[in-house]
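Two complexes, one shared chain (subunit A), two partners (subunit B, subunit C).
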Partner chain A sequence: MSDYRSTVGQRLPLIDSMEKVSGQGTYIEDMSFPDMLYARMVRSSESHAVVEQVDFAAAAEIEGYVAGLAPGEAGTGIHFGVLPISEDETPLPAPKALHSGCIVAAVAAESERAAREAALRVEVRYSVLDPVVRPRDALRETDHPLHPTTVAGTNLHKAVDQEFGDVDGAFAEAATVASGEFRFDGINHGFTEPIGCIAVPEANGRMSLYSATQVPHYLHRALAKVLEMPMHRIRVFKPLVGGGFGGKSDPFPHEMVAALLARKTGRPVKIIFDRDEVFLNHHGRHPTEYRIRVAADGDGRLLGLDSHSRIDGGAWGSFGVVTTYYNGVLSQGPYRIPAFRYSGRRVYTNKPASGAMRGHGAVNARFALETCLDEVAEQLRLDPFDLRAQNALPPNTTTLNHLRITSTGFLECLQQVRERSGWERKFRQLPHGRGIGLGCGFYISGSALPIHRTRTPQSTVHVKIDVDGGVTIHSMAADIGQGSDTMLAQCVAEAMGVSMDRCRVFARDTDTAPLDLGSYSSRVTFMAGNAALRAGEAIRRKLHKACARLTGLRADDFLRGANETYVHRDDDSVRVPYADALREALADNGALIAKGIYRAPKLGGSFKGSGAGLSPSYSYQAFVAEVEVDEETGQVRVDKVWAAHDCGKALNRLAVEGQIEGSVHMGLGQALSEQLVFLNNGQLQNGSLLDYKIPAPPDTPEIEAIVVESNDPEGPLGAKECGEGALAPIIPAVANAIHDAVGVRMHEVPMTPERVFKALEKKRRAEEKLRAGS
Partner chain B sequence: MSTSRRILRLRVNGQPREVLARDADTLLDVLREQLGLTGSKRGCDLGTCGCCTVQIDGEPQLACLTLAAEVGEREVTTVEALRDGEEFAPLQQAWAAAGASQCGFCTPGFLMTTDWLLREKPDCNREQMREALAGNLCRCTGYVKILDAVERCTRSQGACPSEK
Partner chain C sequence: MQVPDFILRQPATLQEAITAAQEASRPPDGSHAPSAPEQGYDWLGGGTDLLCNYKWRINQRPVVIALRGVAELQSDVAGSLAAGRTLWQLENDAEIQRRYPALASTAALVASPLIRRSATLGGNLHLDTRCWHFNQTAEWRAAHRSCLKAEADQCRVLPDPGDVCVAAYCGDLAPVLIAYGAVARLHGPDGERRVPLAEYFAGDGIRRFAERRRAELMVAVEMPADAEDWRVNYRKLRLRQTFDFPEGGVAVGLQWESGNPGVIAAARIATTAYASVPLLHPEVVELLQGQLLDQDLADRAGALLESLVQPMKNTSMSPSYRRKMARVLCRRALLDCSPHSSS
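Right, the complex of A and B next:
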């Protein structure tokens, strides 16, 4: 038998952590090139306007000014976007500026300061149009829709209508119905590293773009379109990325502008955004209005779900079509729902675009559903845990909308947090002002349906081994801090039975990496991890053949053994060290090279929109929050969070816990303090980390991350996602805890002191009225 | 642009350094752009994120809000100096082992504040750590593993960096 020692489930530091703690790690702002120019963006002062003219005359007087880029110049009007169904962004307005602060022109200069100075002197003449700011106004007919592709002369971008089962019948026979109208402010990813890129026009006529991106492949495609160059003439390079969370998962106008300016000047061009520009670029979570009704029978069995979302897309499409679907379809888990109706409307408005953000599309809808479930439990005098457990989707089933459910650890998540939080002795028993609440979740492990309908695998990983015995791994999965490079190294080392120290991961460069769709939709561990395992296994098969040649025994009879040896299945005295097997394998052969691929299985139904929400597997969560509410001020303090997440299998326990803790932190920000505030004309009012309040260390409670393992049959070594699903449940957990503490239901997020106070006032007034009447 | 420049003599990581700086240049500008010390990060340039935290005479300071011209004779220490040749400081090792860096962009700033904290309060508890690190934002970790790393370096748990 093999005595191979696996790293699976250990607490492994990220393979690039010493780079990061030393200060040597190279992010985009740390890079420079000889003869490099610096570019600054000229940003629109208007929320909605035709750009009539851009004049660089005054800017050109600044010492060091080199070039300007204005609308109308080659490439600036070519449409691109992450989804082929809504490619509605252009590098510069063509011809309209669609939100205050959008890029309308750019200047390049010898120094960052000169570029900054010159950009201020660029004169832009606008022909101003009425801005569309409120989503409800965007549904009206207009003479000036933001995009020519909108629906029926309005600013409607995407409409989704789905219905399964007898919804009206379900509500008619329900013993209880909980409903609500919810409102969510927009929120920003808040990654610490501002966005930036450097375009380098190569002497051989190629273009290189170094960029802080989560999606090198989609950026590669967009550049090819805008530059009108074949993809093989373009190289995308991803340095270390200082956080993404979805905010670096679109190809962006400034990346196109850098490349166009580099082509125009023949010199490298660097763009680094100021923090306020990061907020203007945005593509964060959609401001959302959500209406929901949940029907249950007298025993608490769910009968039906009816919901409607109106989501504010801002100026561009981005991932918005997906968001519109996800706001409905991802509410089909983790509960069995026999009748389901959803309608979603995404509108364009003259504000910075919304897009994908951690927990994409599922977060706001989840809040509404989990709040209503708490209400159902209250009405039926059931424990919120019991209500959820009795409605849990069983493993190996299919939802109404054809989501294929395989592994689920949902019940164990519930059980874990119920016990660890001391729920039985706290719920409805804590002193007034203190409360405890439950929120649950369900999320995709990668989208099964690729954005571009091709037969190309979603992930390919290359492995190469040469005489030094080092294992070189090429991939285009984008490590943005979540640790995907470490995961790739672990999967390959695991499959080969060698030490991770041998592994060198090059997941940075489209010139050398095989195709991978990048870091979004929580797809990387499941998809690139499977591809990495298969690549490692292919290499090991070659090494086993070498073992067979060296021993005269059958290749198939060798297994991974301890200390980097291959050991015979029936006789463990027959051992071939990795180094010997490799030497034999390389003889007459040269480097060992192998690839592994992953393609999601064909899933889903044939109805319109059936591809949305399909995933090879799903993660599950149950979170409990304990809070204190100050009734004088409305201030909510979260004292402790218990967060159980089913990640299939924790390949690296340290990394899984880190993802859960980070998700909870980000969710707490949305729950209590983060909100984008706009003026009536659509201008963003709080684009700074002073006014947009991300929880700091004193604002963040202890978070107990509880790893639940359901061992997914198709996940790499049983793993599934842990990076996104863990965000949504904390927000309703806090809201339900507030209700337990002071008896108010919060319908607006973030639950700021002002809003909590108002809810308390409303409750007091209602109680007084009741007293006066009786 | 008619911005005057002057020669500044600074002490950075134990070395005398001479730079030609504009009056408006911040310490962060000079460290990153003139001295090639890019470990200190520019997350906001407004003193709101803490990614640029360095030490001046041993005290944590925001390099983005400090004018280079006002540093004078004082000793500037950046993240690059935590490591002694090939030897990483116990704090750096603890940071990696505890999983306190994810994207790593906030790490240098956190390390510089923490290095000071552990010198000031080698027995600090988690509440005191939270207070001391209030000026540093991390968007990846939820601070749990950051506090774990700091805890590993308190006097009761192991090597205190100030004793290196």
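Right, the complex of A and C next:
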């Protein structure tokens, strides 16, 4: 019998945490190379304009100026983008600048100071065009669409229309309908480490790019396209990354500019953005207008959902096609919805591009749905928990849009937060001004379809062991602070039955690591974790063969045992220490290598857009927030949050709780204070961390992170995602708590004091009118 | 983000500081013709505001005179608070907490703990005015082509501003010190003089001090002998519980009739963030004087203050909301003063 003690479910500090907190970790800003130049971007003063001429003459007078890069130069007009269906970005305008603050040229100099001075002196001549700023204006025909690929001479980028079941019939027979028009401001990821990269032209003619990126592989592809070099001549290196949240999941123009300047000068070129440039680079959550109707019968059974989304894509496509789909299709859970209609429109405007951000595509739609469900419960005098529980998707089922549902811990999430929050004695019973609210969620655990059509596995992990007994793990899964390196080490160690401290993870270099698609769509634990487990198992089988040679017993009969031993299934006195097994395995053979892969199963229907939202599994959430509303100021204070998340299995409880807490904090920012504000011409007004209001520690409530485990049949050791799904539910939970506290429904996010105050004034006026009339 | 080059002076005495300022404001040809005050230099207290502005290339001066080493600015003399005191010291000093509790509690509302470790009393009082069209990067301002206070000759806040700048004064301490009746002690080439803080600020978002003279600096803030007899309270409007400048701030100071606590013998009302200088509101004072402080009086005072303040559209919250909140801030600050209030 095996007496192996698993690490699964323990609280494991991330393997790079000491490196980071001690300051020894290497981020892009810490790196430099001999003869390195510093580049500064020249940014557009116009929201929409043809760049006629760039003049570096005055810049060249700055001591230390080396080179400039202007539109029209080789490579600057080649299109790239993260999705092959909307490759609409170029390193520099070709020929149009598409938003105020977009990159129009660049200078490289011997020092950062010289580069800054030079960039300020570059003169750009524009031929100005009218900007399109409001999404509704973007749907009109125009002589100057932002991109030649738009729909029918407008600035419409992507239209999605889906309908399943008898939607009109559902609404005709409904006992109650809740509806609303919702508005969401754009928000930025607000990661800690500003964006940056260093391009290094190698002596052998290759190009290396060191970049703070979530997607080394997509960056690798885009560089090959722009530099017109084969991929094997390019190397992408990802150092430690100080947070991404989707804001580093596209290949970006500045990365191309660095490489082009490096090629032009023959010297390494470094770019580090200031914070305002991070806001201008953006690719964050889309500003959204969302219209929704929800139909239910008299018992609270959901009959139909009808929703329309108009999302503001800004200047480029980015992940926007996916966002357009996700705004609809991810509303198909965690409830059974028998009739479903969705239309989505993404438009281009002359503003910084929107893209993917934690909870990508699901967050704003989720807010609208969860708010309406609260209204349905209110209208039918049902408890919001009961309403949701009776509509919960069961395990092992399929949604209308062919999402395959396997494990679900949704009901347990509901039960946990209901009990722990003291819901029964609080809901509709707290004193006026205090309230409690529920919000739920559902999210993909990795996108099942890769972005590029390919049969290559989505994740491959290599493991090597040699005479030192250490376990070397190679992967291109991108640790961006979420702890994926630790997860890889844990999966491999767990599969091998050895201590995690033997593991060293090299997930940073496309020259040495096997392909992984990167950190987006909350895919890494599920996909790279499965690949790592399989790699670890493959190398353990080699060690078991060595055990067999040493004992004369069958290799298949060995199991993992305590203290790094391999123990015989039937006789636990037969034990082979790892070191002995390794020595035998290496004899006449040399270092052991093994690999594991993960490829998502074939899923989904055959209708147009059927690939969107497909995932090998889904996570579930139920959150409760308790708030206090100051009726005189509209200020909302969140006092406590209970957040239950079904992550399948918590491989590392510390990391899961950290993800839940981080998601709640980030979601509270969108809920209450964060918003990008634009001037009428599209210029970003508040691109600084003083004016863009991320909640600070005193604004952050106590968060009770509750881990629910549904043991997913296909997840690595039962695990599913926990990095993204846990963001969305807090926002409607707060809104529903505000309603419980003071009786107003918030339809605009963030729910700033001013907006809550206005809603309260409106309610007071309506009540006065009613009194006057009666 | 990099601070642009400047010449750093680090005087050790008040006299050295004044001499450095005189040298910096002297025209380059060496003549002694008077130039506009502050044209050539900035005083640097904690640097938490000034250097951020410099990084954004906002009105940087060729010479920066750091005051941290000036002995006379570091230690209080009887009845006064040295200008070089950090906000952290004001917040945590037991004697200030006892004698001027509203000053200590207001200091704790400024910015963040980290910033309060460096920021000084003098620096906070001289905080540059702020505006959404001004506190931006050089590239942003160039694209926006606006701001009288920066490079441009037009203003995006007022359609026809003439040459008046409406940037908002956002210091938290000034209204509170005004409510205590504090007096600024200034030192310059012609010696020392005293100006009540209530009269110190004047002008618009660019010209902010009544009679600021060349090479003159604030040495200390004198607290009047009767300051401890005043009940002072300050309420601040902001989105987050830390970091943020006030979007509105109301300080009230009340003195009770002798033997008759609750009846207002004298009052001072000062606001911040509603104009380019801290404002006094004699109309509200007049309403309060001789009255018993109760809910109704506080309501009326708040309503009157709401009608008096005229915030501009140049911070993150709307002028209409900020004005309405003046009423709430005022009422709450007043009621907190009442003899039965815990604060």
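Keep this in mind: the second predicted complex is superposed on the first by the 774 of 774 C-alpha atoms of A that agree within 3 Å, B and C clash if a C-alpha of one lies under 4 Å from a C-alpha of the other, contacts with A are read in each partner's own complex, and residues count from 1 in each chain.
One rule holds for everything that comes next: contacts are C-beta pairs under 8 Å (C-beta built on N, C-alpha and C of every residue); 3 or more make two chains touch, one makes a residue touch a chain.
As the structure is a prediction and not an experimental result, all values here were calculated from the model.
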With both complexes overlaid on chain A, does A:E632 touch subunit B (first), subunit C (second), both or neither?
second
Look at A:Q24 in the shared chain and tell me whether it touches subunit B only, subunit C only, both, or neither; answer first, second, both or neither.
first
Quick one: name whichever of subunit B and subunit C touches more residues of subunit A.
B
Classify the contacts of A:T752 with the two partner chains as first (subunit B alone), second (subunit C alone), both, or neither.
second
Regarding the shared-chain residue A:D274, is it in contact with subunit B (first), subunit C (second), both, or neither?
both
Between subunit B and subunit C, whom does A:P697 touch in the aligned arrangement: first, second, both, or neither?
both
Scan A:Q685 for contacts with subunit B and subunit C and give back first, second, both or neither.
second
Which partner chains sit in contact with A:R554 here, subunit B, subunit C, both or neither? Use first/second/both/neither.
neither
After superposition on the shared chain, which partner residues are touched by A:R113: those of subunit B (first), subunit C (second), both, or neither?
both
What residues on subunit A does subunit C touch that subunit B touches too?
113, 274-275, 690, 696-698
Which of the residues in subunit C end up touching subunit A in this complex?
1-2, 5, 112, 132, 135, 137-140, 142-144, 237, 239-245, 316-318, 321, 324-325, 328
Residue positions on subunit B within touch of subunit A in the complex are 1, 3, 32, 37-46, 48-49, 51, 78-80, 82-83, 88, 92-93, 95-99, 101-108, 111, 126, 129-131, 133-147
Report the residues of subunit A in contact with subunit C in the complex, numbered from low to high.
43-46, 100-101, 112-113, 116, 120, 274-276, 632-633, 673, 677, 679, 683, 685-687, 690-691, 693, 695-699, 752-754, 757
State the interface residues of subunit A toward subunit B in the complex, per the touch definition above.
11, 13-14, 16-27, 29-30, 62-64, 113-114, 117, 189-194, 240-245, 272, 274-275, 480-483, 654-655, 657-658, 661-666, 688-690, 694, 696-698, 700, 702-703, 705
